[in-house]
Amino acid sequence: MLESVLPDYDSPVFAGWRSAAGDTWRQYIEHEFVQGLEDGSLPRSAFTAYLVQDYIFLLNYSRAWALAVVKAETAAQMRTAAATVNALINEEIQLHLQVCAREGISEAQLLQATEASENIAYTRFVMDAGLSGDLLDLLAALAPCVFGYHEIGLRLAGSHDTTALYREWIDTYAGDEYGSVCFAVAGLLEDVAAARLGGTPAASPRWQALCQRFNSATRLEIDFWQMGLRLGGD
Amino acid sequence: MLESVLPDYDSPVFAGWRSAAGDTWRQYIEHEFVQGLEDGSLPRSAFTAYLVQDYIFLLNYSRAWALAVVKAETAAQMRTAAATVNALINEEIQLHLQVCAREGISEAQLLQATEASENIAYTRFVMDAGLSGDLLDLLAALAPCVFGYHEIGLRLAGSHDTTALYREWIDTYAGDEYGSVCFAVAGLLEDVAAARLGGTPAASPRWQALCQRFNSATRLEIDFWQMGLRLGGD
Amino acid sequence: MLESVLPDYDSPVFAGWRSAAGDTWRQYIEHEFVQGLEDGSLPRSAFTAYLVQDYIFLLNYSRAWALAVVKAETAAQMRTAAATVNALINEEIQLHLQVCAREGISEAQLLQATEASENIAYTRFVMDAGLSGDLLDLLAALAPCVFGYHEIGLRLAGSHDTTALYREWIDTYAGDEYGSVCFAVAGLLEDVAAARLGGTPAASPRWQALCQRFNSATRLEIDFWQMGLRLGGD
Amino acid sequence: MLESVLPDYDSPVFAGWRSAAGDTWRQYIEHEFVQGLEDGSLPRSAFTAYLVQDYIFLLNYSRAWALAVVKAETAAQMRTAAATVNALINEEIQLHLQVCAREGISEAQLLQATEASENIAYTRFVMDAGLSGDLLDLLAALAPCVFGYHEIGLRLAGSHDTTALYREWIDTYAGDEYGSVCFAVAGLLEDVAAARLGGTPAASPRWQALCQRFNSATRLEIDFWQMGLRLGGD
């Protein structure tokens, strides 16, 4: 059951978007790439290719979170968004460099890698959500990655089949540290939604467009997994 | 009576913001600088100083309307915002250059003028409204200038005291061409407000913040008139 | 010979970027999709699918040109960029609607179409070039489309094989009206490059990065043609 | 002598801008407000009014540094800019809240304060430098505050006349912690200038415009001190 691994932070807005995304969300969370991480069947080459692209992704995703700081309307919103930038730049990216190093990928290689078009599509879509809309539009594009990775981490953490190879990745996204980032982001999302949409967000005339933005970003996540398989050859 | 010269386009959102701005709006529309345009008592040096700053203002205000194109969510919204950019760049600025030339101010002088801090404050405030918020936040900052100048133009057009010196300026902003720009912007504003706030904008949790933004921009208009008097010496 | 159809406006900067893009540029200009337009072998379904996506592209590409207005540093730069926005919104898009209508695609269908990921990648990459860099960085991402389409138009206009079906498309991009847009953009590019890089742009430390940005945008053009073939089925 | 208190981090680019700003820089560094901090003659009401506005300033200035993260071109640039956002949000602002609390100003009062037009002009000018230009344009607008406050801190730290009242403020900006922020920003500035302008920045065609931007921001700093005196009564 997909629902059973839902994290326990409470964000009705995220829950609403996730529910509206329906099968798209499921295709992201249960993607073949994810299944491969779970049962160890994912080709190492696909994982490595994913890691290289994800390094570039994290840099641009951090830039998008910095744009959230630019667009914040209160000091508290700024602090949460800035803390997320830090968690990405100083923790998640550092972990990436370590894992990559162990897999024999140097930082120089990461920096010279060509950004795949799936990668470009995703992060630039998020940036443009921020440039064209308000903080809530940006959060709708940022949300699938933040919350989805924790959901995937928790799903896979509960599995007994995972091999050592992908364990560290799973532990990162299932872990308390990452969970606390999600918790803070959930609070930010609820705060911004209350300020921009009021007490019943789903009744807002913007709700449909926000659901679509969340859905589009989720589709770009699916493409990102697919990119891992594509670049990993076979 | 202030109300008697209200233009006849119908924008409940603008009417709401204008009403909420209360005395601030009145201080803008009935500013000493405006009175001076009406009865001809405005020192020519103040008008000239204003014209020089207003040239720089129009360039940055056009940039802010271009940002509205960037932030538009439909083709129709884009067309209205782009048409406004054109009206500013190709009509209003050209008129400015003509008036300035007749007053003995060359384009070279305009380009070398130092931008006054009141000018910087106003246009950059508007730009940041667009960068930090959505199209509606930007429109709340753009609205006082668009609609206020027409209101002032209509007020002064009805007066019999105006001298030839300021007649051209008054006729421009009272005129049908400028009025049609206001009409289009009113339509854009209602369209965006309906999409972002729904059928009863004043009931939205954002209403108060939008009123404040409109009010802040109106205060910056007052400062702009004051700048004209200040730079005009005496 | 690829060189033989080079348009006659003179932009050393564009010529430098085009030359540096080498095979990538050739793959764009001589893409299978383009060959299919030339000899009439392109499946009508591919052309139609392309038209639908290109409508969405043009809206976002216009937004990117509006961002160029925001980033312009002189009144002349603003006017050229604003004129390009107009040419796109009021001429190119209108032509699109006509062609689409004749092919049985209504505006409603265009508006409901799902934006393909290749489309997202391209336009959002361009927008982010503008947000992250200066006007020259943005122009490097905008240039392949503006100039490449004219080059393709001129190539295909010289061919005797073209069928009536794709004639109108070819005539548009080979035509003088579109050519004059390119001419103006070439002037803008040279003006901005002179102001930002000086008299020998290729000697600037930014040159390599600008070439890469132009090259990336050209790759996204190739992906866009490929998208047409992909969506066109077969 | 003004030169004698120059901090010891080495940034030829900042040194060039500072030198080009000449008297404007001196008027900022030696402003009556600063002299009043040094000899204790500054009215407490002016200091308090300044603190309230500076709280709002710091929030917007942090947003501008977040925009620097958005515009960074390397991971190292991102980290420095993000670290500066943190230093502002989590250290400098916190200190502000403490000082304000001791002066009897609650956070609620700070949040309800009306932003002065001098404050609006300065921070929005900086934001727009980032939106319209590249990271270097943004840094030219950010630099006067970062480096100027350290220079002022060091000048005043060397004085024996300072009273306890303004001691904490002086110690903050003279201190090693703040000095290390300046050191990191100096490195960032040199790195970005090298990438965008090459080895001899002052020979770049952009140099003049960058000097002007730095000079404009310095003038807005002067206005900010003046605002403190104005709001402080007298």
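As written, the chains take the letters A, B, C and D, and residue 1 is the first residue of each chain.
Throughout what follows, a contact is a pair of C-beta atoms (placed from the backbone, for glycine too) under 8 Å apart; a residue touches a chain by one contact, two chains touch by 3 or more.
Note that the structure is predicted; figures quoted are calculated from it, not measured.
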{"item": "Chain located farthest away, centre of chain A as origin (C-alpha)", "value": "B"}
{"item": "Equivalent interface positions on chain C and chain D, same or different at half", "value": "same"}
{"item": "B-D or A-D, whichever has more C-beta pairs in contact", "value": "A-D"}
{"item": "Centroid distance [mean C-alpha coordinates] between chain D and chain B, Å", "value": "32"}
{"item": "Chain C and chain D, separation of their C-alpha mean positions in angstrom", "value": "42"}
{"item": "Centre-of-Cα separation between chain D and chain A, whole angstrom", "value": "35"}
{"item": "Residue numbers of chain A (touch at least two other chains)", "value": "63, 70, 127, 131-132"}
{"item": "Graph class of chain-chain contacts, one of line, ring, star, complete, other", "value": "complete"}
{"item": "Residues of chain B that touch chain D when the two form their complex", "value": "63, 115, 117-118, 120-121, 123-125, 127-128, 131-132, 216, 219-220, 223"}
{"item": "Contact footprint of chain A on chain D as seen in their complex", "value": "59, 62-63, 66-67, 69-70, 72, 75, 78-79, 81-82, 85-86, 89-90, 93, 127"}
{"item": "Residue ranges of chain C touching chain D (in the complex, touch as defined)", "value": "70-71, 73, 131-134, 137, 194-199, 204-206, 209"}
